[in-house]
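Take a look at these structures.
In the two complexes below, chain A is the common chain; its partner is chain B in one and chain C in the other.
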Partner chain A sequence: MKKYIWFLIILWVAFNGVSAQEAEVKEKDKPVRTPFESGYLIDNQTTLIPIKGTLEYVIQHKFGKMDKGISDFYGIYSPGANVRLGINYVPVKNFQIGIGQTKKNMYTDLNAKWTIFEQTRENTIPVAVALYGMVAVDGRNVSAFETGKVVNTKGPTLPKSVKFDDRLSYFSQLIVGRKFTEWLSLQAGASFTHYNMVGWDYDHDKIGAHFNGRIKFSPQSSFIFNYDVPLKIKKISEQWEWTDHPKPNLAFGVEISTSTHAFQIYMGTAEGIIPQDMVMWNQNDWKNKGLAIGFTITRLWNF
Partner chain B sequence: MKKGNFRFLTYPLAVLFTGLLLVAFVAPQDKKFGGPWEIPANYKTMKNPNAGDADLVKVGKMLYTKHCKSCHGNVAGDGPKAASMKVAIRSFADAEFQKQSDGVIYYQSFIGRDEMPNFEKKIIEEEDRWAIVNYLRTLK
Partner chain C sequence: MKTLKFVFAALIIAFLFTECKYDFIVPEEVPIIDPNDPDAEQISFGNQIMPIFTTNDCTSCHKTGGRAPDLTIGKAYAAINTIKYINTTTPEQSLIYTMPKPDGSHPKKYTASQAALLLAWIQQGAKNN
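Presenting the complex of A and B:
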């Protein structure tokens, strides 16, 4: 963990140096207009951060899986729904902090996003680069952890053995995005996920690759998609075999944006909403009736 | 409680409901335009640095669709939210509107008053604001 913190500090210092140079260029070359309509893209983050002083309220909801068809109206009546309510604030230019609560695992999360570079109109800076990080606390009762923390046996978790640290999970991501044309913006990302406590047959760490974007088809509407792949990397795995390796998260939908809102309605696989949960635990497969309907709504206020 | 107890309300409620429905159609026509604008002198004489920049019209249209259309509609002031406003919204094609200077339109659009919100924190760049003014000029 210490190494990891040092790494982030060094990264911060290194990029700050570059930012200073960037400030000089900015006089001539302005950032591109709206590479994305919102800081959210389905359940991923975009490099966009609203202007300083903006308060953003977000509602993210996913219904149950559609596999039972009309009997539960494609998941709408299903009990397996998940929801997250979040608030984000932009205290300084291109830096955002947020807090949220998710139904699944009773997560409470703190998150931060920093857009280091914005893509500029004259291509002085050809891509936008952002860092995103989230720490979440699993707030469930100890009995819900099942075999989460065991030392030598495969028995249940003992109530007193779970400490606060065990409930923490971390997600950090580097996002690189580019607005290619007025109608096409794409992003690629790499992420590192760490859970302090997992079951005996799971890994604590996962590296993820992310790919997402939007295709605008009218001034207010876009087709949006994302694809998040938890990578199979033997070096960081604690297991001999890939049992229960998480499935990729595929989602696609439509975004409609207005002056202060973004509405995104989509079909996607992961039932988790916070990124570390999706990378670590998604077992729904889009090839095997794993899709569910979901939506994201954001509202902005400026102060 | 017996179901029959409230039967006597059926006719009064039906009349009330029908009345409300009719009022809903009539009320908007009674709306008046807001009074004359008090424009500060520096805005009256403000020059549009991007006047006649045709490239910006497209940008202006995009921004208009995102920020203005929900109330102002395509041109005529008949967007989906217009009905819930206290005052009537003037059409951009109206000569009353178009005869104003660019600076005055800038003040009305981005500083605003009463039901017309301030957009200075939503549309930050000067160039983007003038792009909208340029677009409004094409709606004659």
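Presenting the complex of A and C:
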């Protein structure tokens, strides 16, 4: 018993010593430099937020599928293309707000990102943690929604016409990232997606798992990749069986960056650009010629 | 810090006014038209088929000077009334039906009821009525 008490006291003193050291270091410890080159990674977000007062303009474009080969030049001439134009601003340190427009489903989106912790150089905070949220409005004409009527249960209820809040969809994500070495940064995330209105045989909620990263091969160039998996969770599903369960989004490409630009060219599966659309509706399968060429360009201004 | 608080307060208020809904879109009923029934209602090209092309925005690409066939009002019938697009002997193989039907290869698609209407119109002889 005596030995045990002694052991506990030694342990307590030892740990106290360690935490006291940590507290001293914490005052000097700064965030790591550029865990990622841009706030965007293909069509996902990174934990990076530019410095306060930065305005960011982003162009995200995806061509049609490559499955027809040379006849439409691997999707370049294909009509199934999608594009998003967005503007982001950083009003306070580590907090960013943004708006954007997407061609597919005529989405208009509002988004916000908050980096709660930044990874520090002395490892007092080993990972960066960020929250990302997006609300999007489906702006299509009412004729795009079959009869233009909705019901809130599948039972015998009176159909109501589509209202503004039926068009809303939400996406929220927790991102944890770490810059392991100068050339390797990895991120993992979990997300929740909700659509206020879906077709007859679809779910309103979907939980997604995200994994992405960059491998730097020269001071300005990196290999980037991204994998988003919509999870099959019976508890939140409203269907009896999985008919059109969305396919995972796999994308990989190259990033070339300067201090105010990031240029990313990639091949990926999802046709959607905003995250809730990718998690909810992607039916392109990379195993079955589902890849398409795309690019993301960002430009930063500081005021 | 004050601005941060303000931004968060604004976001929380914004979220209070929106609520999660669980609505389903009521699907369209596909009309059943029997091609062998001589008393069946004749489908009108001008009143029932033309609106499919205009409301689906087909004419944003398929316009005069654009991609063939030209589906604008006044030119659509002449453009599609060829052996390439309409097959009256086996209507199910008509290109104007097979490509944009809901499981077809065209990037924009007819709804199920629009496809059924178009097929029935070809089965009735694809008349310019």
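Details
Please note the rule applied: the second predicted complex is superposed on the first by the 263 of 303 C-alpha atoms of A that agree within 3 Å, B and C clash if a C-alpha of one lies under 4 Å from a C-alpha of the other, contacts with A are read in each partner's own complex, and residues count from 1 in each chain.
The definition used in the following text is that a contact is a pair of C-beta atoms (placed from the backbone, for glycine too) under 8 Å apart; a residue touches a chain by one contact, two chains touch by 3 or more.
Computed from a prediction, not measured in an experiment: that's the story for all the values here.
Chain A is touched at more residues by one of its partners, and among chain B and chain C that partner is C.
In the superposition on chain A, contact of A:F211 is made with neither chain B nor chain C.
Legend: residue contacts after superposition of the two complexes on their common chain; A:F252 is shown touching neither chain B nor chain C. Of the two partner chains, chain B is the only one that A:G53 touches; chain C does not reach it.
By the touch criterion defined above, A:Q220 reaches chain B but does not reach chain C. Of the two partner chains, chain C is the only one touched by A:P79; chain B is not. Legend: residue contacts after superposition of the two complexes on their common chain; A:D166 is shown touching chain C, with no touch to chain B. In the superposed model, A:R33 lies in contact with chain B only, and not with chain C. Of the two partner chains, chain C is the only one touched by A:S143; chain B is not. The part of chain A that touches chain B in the complex is made up of residues 30, 33, 51, 53-54, 219-220, 257-260, 302.
Put simply, chain B touches chain A in their complex at residues 59, 61-62, 65-67, 70, 121-122, 124-125, 128. Within the complex formed with chain A, the residues of chain C that make contact are 3-4, 7, 11, 18-28, 55, 61, 107-108, 111. Of all the residues in chain A, the ones that touch chain C in their complex are 64, 78-80, 91-92, 95, 97, 112, 135, 143, 145-147, 149-152, 154, 159, 162, 165-166, 168, 170, 194, 196-200, 204, 238.
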